[in-house]
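Note that subunit A is present in both complexes that follow, paired respectively with subunit B and with subunit C.
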Partner chain A sequence: MGLIGKSVFRKEAWEKVTGTARYTADYPATDSLHAKIVVSPYAHAVIKSIHIAKAKEVFGVRAVITGEHFPLTGEEIRDRPVLAKNKVRHHGEAVALVVADTPQQAKRAAELIEVEYEQLPVVHSPTEALKPNAPLVHEQLGSYKKEDRVYPEPGTNVANRTKIRKGSMERGWNLSEVVVEERFSFSPSDHAAMETRCSTAEIHPDGNVYIMTSSQAPFMVKRLIHDYFGVDIGKIVVETPLVGGAYGGKASIQLELLAFIASIAVGGRKVRILNIREQDMLTSPCHIGLDATVKLGSTRDGKIQAAELLFLFDGGAYSDKGADLNRAAAVDCTGPYDIDHVWCDSLCVYTNHPYAAPFRGFSHSELLFTVERTMDVLADKLGMDRLQLRYINAIRPGDTTPTQVKLNKSNVGNLPECIVRLKKMIDWDMGMIQDLGNDKLRVKGVSCIWKTSTIESDAGSGVTLSFNPDGSINLISGVIEIGTGTKTILAQILAERLKMDIRMVHVQMKVNTQSTPEHWKTVASRGTFMAGRAVLAAAEDLIEQLKSIASCVLRVQAADLEVGYGKVFLRDEPETHLDIKDVAYGYVYPNGNGIGGQIIGRGHYNLRRLTYLDKETGAGKPGPEWSVGAQAVEIEYDKKHLTYRIVRAFSAVDIGTVLNEKAARGQVMGAMSMGLAFGGRETFVFDEWGRVLNPQLRTYRPLRYGEHPEYHVEFVVTPQLDAAYGARGAGEHGLMGMPAALGNALSLAAGVKLNELPLIPEQIWKMKQKEGHSHASL
Partner chain B sequence: MISARLTVNDEEREIAFWPSDTLLFVLRERLGLTGAKPGCLNGDCGACTVNVNGTAMKSCLMLAVEGMNQTIRTIEGLKDSPIQHAFIEHFAFQCGYCTPGFIMNINSLLKKHPNADDSTIKEFLSSNICRCTGYQEIEKAVKSLLKINREDKAGLPNDE
Partner chain C sequence: MLPYDFDYYLPKTVEEGVRLFQQLEREGKIPVYYSGGTEIITLGRLNLVETNAVIDIKAIGECKEFTIKDQQLIVGSALSLTAVEEKNVFPLLSKAASGVADHTARNKITVGGNICGQIFYREAVLPFLLTDSHVVIAGKNGLRQTPIHQLFKRNLKLQKGEFLVQLHTDRRFLRMPYVCVKRRQQWDTGYPLITVAVLKKEDETRIAISGLCPFPFRAFEMEKSIQQVGPLGDRIQEALRHVPQPVLDDVEGSSGYRVFVLEQMLQDLLRELEGNHP
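And now, the complex of A and B:
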């Protein structure tokens, strides 16, 4: 059918351009009560008292809930109360919940709740958090329940520490003739999905719990409500319709728990919570911050011998997925380079900042900013071309990763080829700087990327296929349509396998955990890989059943039959065939006898042969494959005003076989846009009390139309043998190198090292001031 | 509560609402027109954009009472329009949450400026945020609709 690579339109396209596409908050709420959250105005404070009497008097109020009697929650460490108990640990933390007939009444009542606080000293950064006398964010860290492979350090603010010990550092430094060391820092920021999170919950008299939520992980919602509240897991049904952008932020389970306790408080009635933007940014989890030190040693001819890295992730007040993010950063800590001697400590540290959810790239854009900036510093010190240094050290088949996985042609893409391709795309040989006159410079910055997915070692995905009487097929997968187009790509995979018209594949967009086979979580660019394999398995199941019925009817062996083009036919005599539509619901002989019934196929895929990481050395196999790429940005820099414009942005990425060309480009460009915004301007701005000053989209500014550069994307194709038609993950990679490439371009343009994000003119000015001063004092 | 008539998508509807209710709230919760989305309720994101007398308006910043005696068009009132086709063909959306707002904004833009130049397009579209795409796809979709780039040169639905 030749569907692979075709830019098939999204299956839900017409829904989305006509306003009929429904997201969680679009489902009618006439039968629902509404909840509003009262949040903490402080970053760290003891709750002295909560007065709810006035709120209770507001007309329409059905319940006011505070934190006393709920279990602690958390995916890695159970450190987070559903509602704050005794003290608050970040600005925006949920303290109380009001349930009322209308959102307006709930809001009015929420405003009448008086909470008395006594402020505590605030932990402002992970670096500060590790100082000997730092206040403790969690005094009871040692008593929390936790998963096996998380290593909190009670009595400190360390939530988790992952160690990488590869080779011998002594030997590495001995072999190094040139050494550079750089420090980096940036604060937490936000995903800012256009759809703010929304959850509804109701509990029926038979004890069944129904939740609808804008989530990337409805199956995890089901598991965790079971784990935390002891509800029978089979009695929990979670539905997720289309999701209005997620980028990792909706992989954490938070608002669902509030909706659930709200429903308990009103006797099981349906309650809806729709985040307002401010609470979506502060109360629900955000994008992680980082302080880091990177030290690289190399021979004079540019072969890197040693890397020593310290990552202090700003996990915020609660560990949530932060304690997994630091692990994922450790796994790929060197960036995409072959380095024999590696020491890395990657920590998730508690601070009094909003806590972190995954963010597109799962800590990779963050770690790569630090490594790729240091690569430029090293190249300069060596007097070497920046891409040449990267090319020499690029990870290749036969090399080992920091966790000592041996790479081969299938499980790592072709980075050298990406670098070569990028070089051409950006006319690298024309030079990095061009003086345009008038105090304007055109400057290029580059970076390289890689990533594997550090997810559950046995994560899986299931798919069911069922026929309609016309031979068309319903495709049901647990992948959430968060905008990546994965469900359309699954339809392409199916149509390709069955050699059928893709219009005959009907995709169910909504996920219902009771009727949809489980897909672990729609994260880590693993949707196409895992669900794609499950689709192929389910297609085999269909084919076998079709053949078995047809073999009776045609009086041949099943093994002699083929399926495709809407038919089951004899391999060497295709005229002898049955139309699939005549078998899809079983076959009826002319005399009325029937055999078979509606054909239903099922398929499953589980990640295999992945291992846990060794606690002391980090050795282990965390993910199935590594995607790689090389990226660049070109800026126009104004030397006088220290301002800049991003003119062009480039990606040469190896995502294996490209299944849907335009969709893949869209994923890469969209991710690049997000990476440029993260690197260039997005951050929470904190005051001295740890309060976030800009939780609104007019003060927290994503890129807008007209601020976008020209995007150039090229694909290098190294098929992953294990994946459906060889496709690698593609959803995150565009983002990962953008902050670094931007930082590299600007550092070169401004003539100062820019190691803090976001890269706003003020930051450049500050660094210039600092340099000026240090020169003056020399 | 007041009871009033609003003309939405060529239909006159009688509804009861509070004078303090925003147009966005009434469209979504009273009329079941959920195409316009809440994104910030603060005028910052444009997800709630509708057309009022052919002008792009953020329905979170407008009271429903202000919509009386006006011609209101939401995404649901746009059927099979060239903009919708262009958005699909150019892959101008991913999650789709910002899409109704962008399309209604563009609907007004093209009505008023059928051959809009870059700065006019920017002036209109910079009031909406799309977090998924890189905007390049949206740019292509819009530009494909400029009269100079179109074969049919036909107009778009007019509410002015």
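And now, the complex of A and C:
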């Protein structure tokens, strides 16, 4: 049907453009009670007492809940109470919960709860957290239950440490004629999805638990409520409708647990919690921060010999996915370069900051900021063209990754080609700096990217297909529609395989864990890859069943039949055929006899041949494939005011076969804009007590209309052989190189090393002050 | 979501508005005048505005006036910022107003609300400070008209129960050369790091500033320095010595950086207005 690459519009487009699409909080709450969260105003404090009497007196209040008797939670390490117990560990931590008939009553009552605190010394950064006398965020770290292959270090603030030991550092440094070392730092920030998180929970008299939640991981909600609270897993049903932006923030399980304990407190009645923006930013998990040191050694002709990297991730008060983020950063710690000798310690460190969820790119934009900035410093020291240095060292088939995976033409994209393409896109040969006069410079900065996914080694995805009487097909997948258009892509894959009209594919948008086959989590750019393979498997299943019935009716061998164009037909004699609609519910002979029955296609795909990482060396195969790309930004910099605007942003990415051109472009551009906002403006600002001063969109500002540069996206196509039609993951990659490219352009423009984020003009001013420049001498 | 309920009143006249306020107070209520309502909504949800009776002044004719009478431009306090921008009778006001919040919010935010609100940037007041405008205030004894400089000291010093009805500006000011520039922490959205409005009245250079300090002000002392003879750089350095205290030091920017930005802005603006002086 030629659907591959075609810009089919989203299956949910009409709903969205007419405003009728429903997100979790849009479902009527007429039969629901409402919960409000009381949060900690302090980053680290002992809870001396909680007075709830006044709150209980408020008309309409049904329950006031505090944290005494709930189990500890956490996906990697069980370190997090559902509601703070004994002490609070970050500003905005949930301390109590009020359930009332209306949101207003709950809010009023929540404001009447008095909590007495005694402030404790605050751990402000991962670097500080590792100092010998740093206060401990978790005194009982050694006693927590945890998953295997997470390595907390009791008695310290280290939640997890991943080590990469590849080659011999001694040999690497011996071969290095030029060495550079840079330090980096940035604070946690937020995802700032348009839809704030919302969860409802109710428990029926038969013990069945029903949850509706804006989540990327409804199947994980089910598993964790079972794990934490001992509810029979089959009795838990989780529903997720459309999600209004997630970016990893909705992969963590948090608000669901509050809704669940709230429902318990009111005898199982339905309770809804809708995050206000401030609590969505502070109480629910945020975007991880990082302190890092990167040291690279190279020969004089630019072949990198050694890399030594120390990543101290600011996991915040609880490890949640932080202890996985640090591991993912270790896996790809060198950036997309072939380096024989690598030493990396990547830590998830506890601090008194809000705790971290995944963030689009899963620690890659973060690690790449540090590596790619250092690449520019190295290029300068070598006196070498910045893209040439990257080209020479670019990872290629035959090379090995930091975890010693040998790459081939299928499992890694074509980075050299991306670099060549980028060079053309940005007129690299015209030079990096153009003086526009009037104190204005046009400056280019570049960066390369790569990423593999490091989700569970056997994570799986299932799909079922059912027919309608007209031969159209219902496609049911556990992928959450978080705005990426993945479910439309799945419809394209199905329509392509069955050579049918895509309008005849009906996609179920809402996921219900009781009736929708499981997709592990809608994360890590795995939707198209895993669910795409599951769709193909389900299509095969469907085809086999159609052929089996048709072979009977047509009295031919099934092997001689083909399915497509709404028919089952003889390959060599297509006019001998049956319409699918006459077979899909079983075939009825002219005399009334029926054979066969409703055809249901089922398919699954599980990641295969992935391994855990060795504790001491990191060796192992963490992910199926690496997507690569090269990116750039062009800025206009004002030497006098130290301000800049981003004029153009570029991506040349290898996402394999492009299944839906505009959707792919949209994903890459959208991710680029997020990367620029993260690099250029977004951060939490903390005060001396560790409180976040800007947990509002008034003062925490993603990019708005009018602030965007021109986006230029080109695709390099290296099909991934084991993916549906050769498509690689594409959801995150546009973001990953943007902060680094911006930092590289600005550092060049301003003539100072800019190694902290966000790259606001004041940061440039500070660095200039530090380096003793006075603005007058410019 | 506002956690509290409130009564809503829509007086048709100034007198009725003032009377309602007094009456509600006598009844033990906490009345507030209401114009655009953006602060009541956004600060109310954080309990930073508390009220149980709002008096909407948008139905009072005088508050919606936007005309020139007797050589005076009359700007009603309940005009929305976008209404002022679109008519563009007072280009400096249009410019200062257009930097506030975003377009959707400015459809609601009013001139009076911006000047009298809690959020301390109050950029809409800058043009009126530069043009020695008069404010018309409604109170117990009816309307009174006062020079803005007498009543606006960091904020508009209203007595309890009073409200701003109009601002009167001599029309000669409307066409005088001006520059108004808003600099933010980064790019085009957000509160001002610093907003500077400069008006040239014959040989006199007038300056008003928002965002530098936790209040907007007419920079009389700085103007004197700028007014002196000498190289522009020196005059600016002298002017910077008269920056009021405290200089803001917050999430938008440190105080040191703010002064750096102010210096750059003054150089640009004054060069533009004065021509290419040394």
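Everything below uses one rule, namely that the second predicted complex is superposed on the first by the 772 of 778 C-alpha atoms of A that agree within 3 Å, B and C clash if a C-alpha of one lies under 4 Å from a C-alpha of the other, contacts with A are read in each partner's own complex, and residues count from 1 in each chain.
Quick note on the criterion: a contact is a pair of C-beta atoms (placed from the backbone, for glycine too) under 8 Å apart; a residue touches a chain by one contact, two chains touch by 3 or more.
It should be emphasised that the depicted structure is a prediction, and the values quoted were computed from it without experimental measurement.
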Touching A:Glu762, do we find subunit B (first), subunit C (second), both, or neither? second
Based on the superposed arrangement, let me know which partner A:Arg645 touches: subunit B (first), subunit C (second), both, or neither? second
After the superposition on A, what does A:Arg698 contact: first (subunit B), second (subunit C), both or neither? both
Where does A:Gly706 make contact in the superposed view: on subunit B (first), on subunit C (second), on both, or on neither? both
With the two structures laid over each other on chain A, which partner does A:Arg183 touch: subunit B (first), subunit C (second), both, or neither? neither
Touching A:Lys499 in the superposition: subunit B (first), subunit C (second), both, neither? neither
Looking at A:Arg108 after the superposition, I want to know if it touches subunit B, subunit C, both of them or none. Which is it: first, second, both, neither? second
Determine, for the superposed model, which of the two partners subunit B and subunit C contacts more residues of subunit A. B
After superposition on the shared chain, which partner residues are touched by A:His604: those of subunit B (first), subunit C (second), both, or neither? neither
Common interface residues of subunit A with subunit B and subunit C? 104, 276, 698, 703-704, 706-707
Which part of subunit A faces subunit C closely enough to touch in the complex? 103-104, 107-108, 111, 276, 640-641, 643, 645, 680-681, 685, 693-694, 698-699, 701, 703-704, 706-707, 758, 760-762, 765-766, 775
The subunit C residues in contact with subunit A across the complex are 1-4, 42, 45, 47, 102, 183, 185-191, 250-254, 257, 260-261, 264
Using the touch rule from the top, collect the residues of subunit A that touch subunit B in their complex. 7, 9-10, 12-23, 25-26, 28-29, 104, 191-196, 242-247, 274, 276-277, 482-485, 662-663, 665-667, 669-670, 672-674, 696-698, 702-708, 710-711
Could you pull out which subunit B residues touch subunit A in their complex? 18, 28-29, 32-45, 47, 74-76, 78-79, 83-84, 87-89, 91, 93-100, 103, 118, 121-122, 125-126, 128-139
